[in-house]
């Protein structure tokens, strides 16, 4: 993979996780447990899609094949998506939504903090801008983990169940893929090796404060970064892509 | 609409309800309450898709534009589908599945009995062949309505809930659309006016025997026959059509 | 006593007539309070239930730009709901009570949201027509007598106008697009036109409450006047789009200086109001589901807040 | 006593050695019974859990013909499950008990079904490779000593061969199709190849039970022999398809008369067996959900049957 191709793929990797997570959150819009949480989760979804647009607009420019952000967002096949499996996990209940968000946000903040120093000015600028938003996300999701973990007996049980379910997907975020290694070496990508201990430290601190048990360390599921996903992604894409597929080559 | 166009549209109307209902049943394959019911419902789905193929192969011939059964099945937009709204109703629980099936089967058997006398030999032949299958469907679903209605307190409650939910969609089956009227007058289509009293009589008899209450006659929802559907159809189509949309013009 | 009540009522009415705003702490007749609880909460419920038909297309929006705009719009509606519930709460009722009324079917919401969104063009049509009709009502309500309601309307109107332009722009894009897109837009107009005209309520001849509402400035124009305004403003927009309004009787009436239009199917109107619209059950069911499945979350938040308060109290005491 | 048990066991083994079938009512050693309950029910569970990955593509099958074929195939698997549960029940255990064992994680099923189906080509690959591997095992089992199991295998093998041809034909269609289709097929092979070789179990050196299983004719060949057979039969098929088997060490070995192949990742094998495959939790969860949500249905059917029996008894008595 030449540098340009690698950069393009890295931008997909940066954009796909927010896109799929943003999609999952957008499924909830209008169905939240309270108006306030509904608004907050929609807000996070909005922020994430805003970031996706930044990444994909830049990716389209890097690719230089005359494609648009929408071509990149809506016209790839499942195996061409680079998002982590965590983001595909369904909205089983509010605890799952919050747990998924907490893992992602905790990582996402560390990632963006690192990417601010990217040699690629565009990426650094996007990271800088996104970081403000993501700090709010992190606060929101970690506070809700505490609220549910240390709320009622039922909310504690549900939050723990959600963590147990999500835990196997929490490690992929900080597992360095060959592409990420290459980008790190070029000074463009973040160094996941550095992020990893901080990530686990923060996650553990949140769980501790929320009176939750850190799940036993089982095997971490992975594959998303190389395009091997869960069975959920196909269904996500059939909705996400429906209009662009059914009405090809049109302006909206 | 000239005769050929009307016949084509009528074949869509005949095929679309089995297709969408068959799709709903196929969602359940592997998830039924017992192996026996799983096999039986899959069998009904198989029968229905078999009938769909007959209708759509014939429709393709009538249309004479070189299209295939798959073009007709997978490449129409939502508003071009002619299925009744009943068939789109979701698999909320087994009682809803059975209730939906009972309404449809009861009507379907009467429809096919009438279509055996169609002046259109193809339609008469399809009806003749399908009727054997549908008689089995009718027996299966009506017996299950009785089993659930006259089973336990819980199954009675669930079956009644399902009926109450489905009832507003039970009338469209026997509401004559302009197209159906035209086809009846040509001696091709069935006479829904004749079918209607028999349909209600049979439905009422099944409910009575199942110790269930006939829901109060509210307004019947309609629109499917002219392409105005429920919000469910769009989601059904995004799965149903995904492959044909994402990989256009290929052989499978 | 009764005399003094009459006096109170008279001076209350005088204030309204002078164009003063009534504030929550002011004295007000019981009927005024009840009417406003009913109307403002109905308005709030409409915002919340109204999130559902549009929310139905968020996951399938055809471009990132449109997806973001739609998400933001539906979020705005949640914000409007929140704002209007707060305005209602100033009249001495809680948001939970109002929600229970909605879920029990005791409180109404705008019937328009009982129609399904069947294509992407419906998102355009809702913005253009439903928000258009809503604005006509709301602009009038910015001059209503109850202060919190009038102020809410000022703010909401601004955002709604933005939504309406956005909806119209979706339609415009479709109408300048391919044949399939234009057809999608036309079908959406076909389905939404008449329900939108029904949004202004029954014809004046059958409308109750009108006189009292006029006195309280909840209404400054009659249903039929507002409806006429809607028709008159929309026809040229449809022409600009190149779409056909599905009414063969629609015709400019030179002498009236207005468009004449065909008979509204009031049977349909009442049917939908009474619960038999295409989506009444789905809408309420979706709200009920969100409310019931969210109960444990709300309880947890409360329990946690109480613990936190205790912890703070304890640490303050130490 | 112990002597007579020994005699019984000896004559039991003699019968097996002579090629006679053991039938449910025949005397059999306890260990034989338990082993067969375990193995046949594990086989039944595999059929049932195996419905899930393929079922995942029924609603999205790309043509009506393929949809019908896939529905029929998954239905066949339910039929096989039913048939095998019945065979297990002849050994004195109920289907409900077996299901409870599965849901409690006490009974195993084939680990291959813990991998996800990520494209339509996976349906082809499963038919071609997973069914291919299963048949190799099952053909052997048609000669096993326990009559009901052997007979079930004869019947199941016939249908499986049909499924395998169907799977291969799906692959062939893809490989003769567009570049995108061929790539889809290749990616599916890439993902399914190694897990399929793992289907034959651990290498002989680490395999337990082998000797006893050989004596009872549950096994007539070792895991590694069967695996070699799979590789040898599949390589030419992959060549015919024009697909590349994802193993750089794959090479014809003239002197052995077999293909050499690379090292299997046994860590992955054990990881998946022990519950950490990509879909272990999803598969069991789906089965548990179906079972739990179906409880009221099964209870209703039972209650109704009892009522019917009573009604019949009463009317007979009258």
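By written order: A, B, C and D. Residues from 1 in each chain.
Everything below uses one rule, namely that a contact is a pair of C-beta atoms (placed from the backbone, for glycine too) under 8 Å apart; a residue touches a chain by one contact, two chains touch by 3 or more.
Chain identities (UniProt): A, B = Phenylacetate-CoA oxygenase subunit PaaI; C, D = 1,2-phenylacetyl-CoA epoxidase subunit A.
Keep in mind that what you see is a predicted model, and the values were worked out from it rather than measured.
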Chain separated most widely from chain B, comparing mean CA positions: A
Interchain centroid distance [CA atoms averaged], chain A/chain C, Å: 35
Whole-Å separation of chain centres (CA-atom averages), chain A against chain B: 41
Interface hub residues of chain D, defined as touching at least two other chains: 60, 180
Per-residue multi-chain contacts in chain A, two or more chains: 77, 234, 238-239, 242
Chain contact graph, described as a line, ring, star, complete graph or other shape: other
Full enumeration of touching chain pairs: A-B, A-C, A-D, B-C, B-D
Interface residues, chain A side, partner chain D - complex: 77-79, 165, 168, 218-219, 221, 223, 228-231, 233-234, 238
Chain A-touching residues of chain B, taken from the complex the two chains share: 77, 234-235, 237-239, 241-242, 245-246, 248
Touching residues (chain side chain B, partner chain D) in the complex: 23, 26-27, 29-39, 42-43, 45-46, 49-50, 52-53, 56, 69-70, 73-74, 93-94, 146-148, 150-152, 154-155, 158, 239-240, 242-244, 247, 250-252
Chain A-facing residues of chain D, complex: 53, 56, 60, 116-119, 180, 187, 191, 271, 275-276, 278-279, 281-282
Residue ranges of chain C touching chain A (in the complex, touch as defined): 48, 51-52, 55, 58-68, 71-72, 74-75, 78-79, 81-82, 85, 120, 170, 173, 177-178, 180-181, 286, 289-290, 293-304, 307
